[in-house]
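Each of the two complexes below includes subunit A, the first together with subunit B, the second together with subunit C.
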Partner chain A sequence: MTTTIIKTTTKILTPLILVFGSYIILHGHLTPGGGFQGGAVFASGLALLIVANKYETIKTLFEKVPLSVFESIGALGFLGMACLGFAGYTFFKNVIANSGFPIFGGKTPVGINPGYLNTGGTLSYMNIFVGIKVLAGLTSIVLIFFLIMRRERDEW
Partner chain B sequence: MIEHLPALMIAVPLFGAFIAPLFKKKQNIAAIWAILITAVTVGLSLLLMYQVRLNGVIVYVFGANKPTLVLPSGYKVPIRIMFEIDGIGAFMAISATLMSFIGALYSYSHVKAESGLEKYYALLLLLEVGILGMVLTGDLFNLFVFLEIAGIAGSALVGFRNYRGEASEAGIKYLIVSAVASLMVLFAIGILYGEYGNLNLAYISKQVSFNTLDMIAFGLLFTSFAMKCGSVPMHYWVPDAYTEVPAGINPVLLVSTYASLYALFRVSFTLFANISLSLTRIGWIMSVLGVLTMFIGVTMALVQKDVKRLMSYHAISQTGYMLLGVGVGLTVLSDPKALAEFGRTAMAGGIFHIINHIIYKSLLLMTAGALFYVTGTRNLNEMGGLARKMPITTLCFIVGAAAISGIPPFNGFASKFLIYESSYRLNPLLAVFAMVTSILTLASFVKVFASAFLGPPLEKFENAKEVPKPMIVAMVILALLCILFGLFPDIVLDKLVYPAVDALIKVAQYQTWGGLA
Partner chain C sequence: MRTSLGLLAFIGFTLFLLAAMISLRPFGEPPHREMDDWFITHAQIEASANNVVTSIVFDYRGFDTLGEATVLFTAVSGVLMVLRRHKKEVKG
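Up next is the complex of A and B:
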């Protein structure tokens, strides 16, 4: 399946796709998209890498990456951000927004503006955690399909 | 902290579910972790029931400044996702948490030899989250989301023994049925949202009127929830799913089926109260569906040879009793005199039967799982003479079989008797069918008892031993509950069942968020 065309295209495209995925995740509270969409884009970049490389390389590489741990971290982080609201408010209350917290805690300006990254509070953190979970989950799905398919292909 | 109880009901099992996959290397710890988390949720749900009995409807608005802030200043309609918990929600929550605990306890030894257990327990806890969300939520779209969570976690668990072809088939079947049902639910929610621009159950229920669109939405919701609770024309997935799922998941899967039944009741009694109050036909449809379900289920159970499959068909048949009881109540909902005379009793019977059935059917399916654990087969013709080898399992089976057949000192009798009495008042034929079903149930369980436990000891089971302790403890707890609920039905009825019935009948209370708006 791996040809020179795929390899060359992957070299050029993958960094772009990964950056674009991170952009969608980080700007989830400003532009269309968010954690899930960005995570999916990021995972598609990783899928391209998986497809363009050799079976053995991928196998040894991803044995070191604890994808299921990433999934748990994403989900637990999301839950943790939601639990912040227990301190005086309710579950899922956005306690960081407009609080002056240095990261994502900036004051949201009123009126027409280009959108400021340093706003959004809990929402931005949740986007990041969802992004981590989705990219780990989708990548492991692609990886499992790839590993199973390749093994059968070798047997042909 | 007590005001955050509804959120904790979801947050605690979710936390447990996401921690569980981290115990990849030590699967024993994952099992103990799941038992611990489910035990905590049992405590929380009991506390929740206590609070509901104390304060009436509990409302929890997510993301607001205060849990009870339903209408923020300047708004006439609720805008946030909220949980709205009344008697029946708390009742279902108790059933769900109790059965998750029993299931986790039983699984500790039952699936010990399998691999991938950290995912098994994560899925068990996610299934619990799905059920709890479905029964506690006051938001239509949220209901759909939790229905999906329960459906996906459930289908993964049904296909857990994926080295067996039948398990994968049953898993796919369950997945397709859940997907079709949830898509229909989503479509109906879309209709309602397009019409009223809101997703809050209480808000929409005040707006619903007699127009075609609402009737279509009602029909879709009714059918899809009837499909997911295994009522008769759509019962085909139940035997496969219940047979192939590991016995430790059976209690939880049963409750997830009845969470759909709860949704069916919620939709008919609360969401479309304006329609079902003036159309007695809907109550009749539910009752007749119940009669068909119980009768067809039991006749199909009689011919089965696979012990778990036989019990699964009985699960279908027993769902019929719940539909019949609550359907009788729904029929006379607009007639206060008949409602007070027998409608309320019928609904109490139907709802009491939910928890009774969950208890004894889980017990029976778990004894079937114990038989499978010891003999390695589910075929009744290959078993025999196991009573001496497994005395406690045999005793538990006798208790469960007596309870499902409605023999007096056990819990099945208490709820079935209420249903016989009250459905007779609506139409004698309904009660006749219910009684005949009970007799047929007894007949088929006598068959199971005779072929599995009685008879001369077989040579191939010479070394058969009683199952490990955690399985025994789980079964004995349920057997004791069977006896206790049967001996003191009045306490359970007063503390758990009648609050649930009244919550369904008193729509106005739900529509005003317990007097908050």
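Up next is the complex of A and C:
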């Protein structure tokens, strides 16, 4: 699988795909996309990285990356952001929106505007958490398939 | 016997689909537009988001997104559970 063509293409494409995925996650409240889509794009970049490298390299690299911890952080952060609404309101109430909180708490002008990144309230936090969760989940699925495939080929 | 039964089922299903297609509403004219107008006019005020779709997915219908995240989590844990054989080699 690791031919020179795939390796060279991966070297050029993977940084672009990862940056594009992060952009989609971070700008989820302004442009089309969001946590799920950006996480899937990011995970596809990591899948390209997994496919194009050697088995031992991938194994030693991803043993240091706690993907299940990322998945748990994403799920618990999403739930925690939703539970922030219990401070006087209901579940999933957007309490940070338009409140002047320094991070993602800016006021959105009503009507047509260029789109400011420092808005969105809990939406932006939820996008980030869901993005982390989706990229960890999809990457672990691809990683498991890769490791299983290679191991069975080695055994038999 | 089986062929005629299949043909009958095929014709019936086709007629049902055609009837459903004829009774569709014209494009762009939903039966109720109050909720759509509420989302479009209030998304920037209530949810502080230019992207109305994201404001619906993560704010107005946040509970659905919670279920979606649970589905993904279930899929990942199912794959890990089915394909895990040695504790040392497979690490998620």
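To be clear about the criterion, the second predicted complex is superposed on the first by the 154 of 156 C-alpha atoms of A that agree within 3 Å, B and C clash if a C-alpha of one lies under 4 Å from a C-alpha of the other, contacts with A are read in each partner's own complex, and residues count from 1 in each chain.
Throughout what follows, contacts are C-beta pairs under 8 Å (C-beta built on N, C-alpha and C of every residue); 3 or more make two chains touch, one makes a residue touch a chain.
Computed from a predicted structure; not experimentally measured.
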More subunit A residues in contact [subunit B versus subunit C]: C
Contacts of A:Ala75 with subunit B and subunit C, given as first, second, both or neither: both
Partner chain in contact with A:Leu67 - subunit B first, subunit C second, else both or neither: second
First (subunit B), second (subunit C), both or neither touched by A:Asn127: second
Contacts of A:Gly28 with subunit B and subunit C, given as first, second, both or neither: second
Touching partner for A:Tyr89 - first (subunit B), second (subunit C), both, neither: first
Which superposed partner A:Gly100 touches (first subunit B, second subunit C, both, neither): neither
Common ground on subunit A, meaning residues reached by subunit C in one complex and by subunit B in the other: 68, 71, 75, 79, 82, 91-92, 94
Partner subunit C, residues of subunit A touching it in the complex: 28-32, 34-36, 62-63, 67-68, 71, 74-75, 78-79, 82, 91-92, 94, 97-98, 106-111, 113, 115, 119-123, 126-127, 130, 133-134, 137, 140-141, 143-145, 147-148, 151
Subunit A-facing residues of subunit C, complex: 44-51, 53-55, 57-59, 62-63, 65-66, 68-69, 72-73, 75-76, 79-80, 83, 89-92
Complex contact set, residues of subunit B against subunit A: 1, 4, 7, 11, 14-15, 17-19, 21-22, 24, 60-67
Residues of subunit A touching subunit B in the complex: 68-69, 71-72, 75-76, 79, 82-83, 85-86, 89-94
